[in-house]
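The structure appears below as structure tokens.
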Amino acid sequence: MSPEDFPGPANALCEVCRLFADREWCLATSGNFSVRAGKLHCMITQSGKDKSRLSPDDLMICDLHGIAVDQSLKPSTETPLHACIYKLDADIGAVLHTHSVSATVLSRAAGPELTISGYEMQKAFAGIGSHDESVNVVIFDNDQDMQALSARIEQAWTGGQLTVPGFLIRGHGLYAWGEKLGDAQRHVEGFEFLFQCAWQELMVKT
Amino acid sequence: MSPEDFPGPANALCEVCRLFADREWCLATSGNFSVRAGKLHCMITQSGKDKSRLSPDDLMICDLHGIAVDQSLKPSTETPLHACIYKLDADIGAVLHTHSVSATVLSRAAGPELTISGYEMQKAFAGIGSHDESVNVVIFDNDQDMQALSARIEQAWTGGQLTVPGFLIRGHGLYAWGEKLGDAQRHVEGFEFLFQCAWQELMVKT
Amino acid sequence: MSPEDFPGPANALCEVCRLFADREWCLATSGNFSVRAGKLHCMITQSGKDKSRLSPDDLMICDLHGIAVDQSLKPSTETPLHACIYKLDADIGAVLHTHSVSATVLSRAAGPELTISGYEMQKAFAGIGSHDESVNVVIFDNDQDMQALSARIEQAWTGGQLTVPGFLIRGHGLYAWGEKLGDAQRHVEGFEFLFQCAWQELMVKT
Amino acid sequence: MSPEDFPGPANALCEVCRLFADREWCLATSGNFSVRAGKLHCMITQSGKDKSRLSPDDLMICDLHGIAVDQSLKPSTETPLHACIYKLDADIGAVLHTHSVSATVLSRAAGPELTISGYEMQKAFAGIGSHDESVNVVIFDNDQDMQALSARIEQAWTGGQLTVPGFLIRGHGLYAWGEKLGDAQRHVEGFEFLFQCAWQELMVKT
């Protein structure tokens, strides 16, 4: 089982990665990106790859414990977070983690969650139908211990705190997901747009 | 009647969409874009399409009530606003709606209208001949009810308040138009430039 | 005499225009760009062309009074400023006018000139050898009367006030020049960089 | 000995230069970029080349005193800084100098060093394993005397002050290095990201 078994999804995932890299949302080999591959695996970016020129050769297959099928390849250290998210909901088909300046500075300035309202862009998120609704984005403190971070994510999911398809990790970036890759891409773009707005409004308010 | 009947305008419209997407003016499948197609129809972007890779297959034909000719395709929910604008003036040949960070944050910070003067860029708008003139951009409050929003636009047009070829919707973005697609493109770029300037000047004044 | 007589310079000029357009320095068909063509003429962008897809067909030849050789083509209304600059110094081979957000907002915030020092980038300008030198950029008030504006430019040149290869027009943008197109391009990029820095420092100081 | 002897590294170096130019990190022919070529030489960008369209013809070979092998070519005036860095550590295989707005304005606003902590992006630097560590970036005052500047760099290296693979020169930009070109690229991108964050946070704090 290898990326060659999923040529369409592999190419589509790489295209999204290159697009995000072009927007400087995953500089310095940051960010990691995956799609579900069958019921028990995901196809994810290998560790340390330059996303601006990503090709299917830079992907690999891991199971939902984050373990590589081909042990000669090195998955991203954050693969357990992807695995954690796929296990939350069988309908999640893609998990995208960007690492933008806006997400970084905004998450460092904010408290335990970010509340957003009055933006048409909120409708980018599955289930949000109006700019009048209030959207809460949970911000987890950063942690190098992926199991500890996964446990906190799972707890927030179970507790019903993850009301939009994504969350922030403080000083680190955004995780967003969707049923299909296109949904996850739309969610990432919606979040990144809203983070840019929220940060710019903070600059004027200060 | 389908986009295939208008190959030149379809390709030109898609090229403008991809250019605007590259500038991050229509992230997360936001924005919608149309050109007039005959006297009684327009050709418009379908709902939920990624503008960064738009092709003529992602367009469709609607009448000026916003009703799809091919009922199997889903037009943008904002198609009625395009239809409303085409009905205001038979000389309008293109309507472009961008959804940029600058337009969003500026419209949220401003009152019922934005007054701009002293910028050479004002001359990008048809009918404005000098930087000395004062330009008023109307800002409508956002609304999920397209008929209600259309009625307010029509009222402002009839009342002579729309003195430049575009308006803002608060927290939502810009609608601009022109006789030809190139005119509408120039108007969008002029507005977006002026919104960037006005927002940056607000950051220094604060 | 037409752009076809100068295929190399025409292509090189268009390449620079497209590069600057990509950086959003000439949105909404703003900006105009020329190279000297023989002793008595220049080759300049036609009025109203989208610089992001400029080709040699969008150029034309004018004499140094700003008069078109081919009267069926419409030169930029600012052609007299290009002609004025070419007449100041026979060694000037290219004149580039950009219309960026940074140049616009900075020139509106500044007084009659902008003083810059301590930047390594100052060395981009012909004749400046150290970051320790102090660079003065003259800012002319904007004017729709090209002859009046030309007269002020000529006076500033004669009075020795134009000590760097460019000046600002308030709320309008940058004019820069050089012996060769590459020199003028380097000067534009140096100025635009310094305007971005100066504006950002103004945002922190405020 | 010429760039033609190292076609793979020459193409890879040019690709990185064009990528950085696209991000406006080396406008106005600023920035200079090299890879080690054998034990006693490096391959470096020639003086005054536009990095946005760099090709192997724009590179040249210098020894580690900064002297050109082909005396008909003009190396960057900052070649001695590259040579200085290669002599500090035989494991350094690439030296990249960018000249961004963020690095410029931040280095002008800061004191003798910049302290960064709490950012996941710090892990982009070889040897940094957690966002909890505190990273110090040394800022040297700018100098047109390359020998004097080299001496200060060497002193800081010997004194153990260069704890991350890069430093800033005030009002001038970033020098970063790595074992391989990809490492140096990752370090540049990590630094530039962190400078953008630090500058944006300064705008909110002010």
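Labels A, B, C and D are assigned to the chains in the order they are written; within every chain, residues are numbered from 1.
As a convention for this text, a residue touches a chain if its C-beta (ideal position, glycine included) is under 8 Å from a C-beta of that chain, and two chains touch if they have at least 3 such contacts.
Given the structure is predicted, the values throughout are model-derived calculations rather than measurements.
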Common touching chains of chain B and chain A: none
Equivalent interface positions on chain B and chain C, same or different at half: different
Centroid distance [mean C-alpha coordinates] between chain C and chain A, Å: 44
Centre-to-centre distance between chain D and chain C (centres being mean Cα positions), rounded to whole Å: 31
Where chain C touches two or more other chains, by residue: 203, 206
Residue ranges of chain A in contact with chain B within the complex: 19, 23, 118-121, 124, 129-132, 182, 185-187, 189-190, 192-193, 196-197, 200-201, 203-206
Chain B partner contacts - residues on chain C that touch it in the complex: 24, 27-30, 48, 50, 52, 99, 101, 104-105, 108-109, 142, 144, 169-173, 199, 202-203, 206
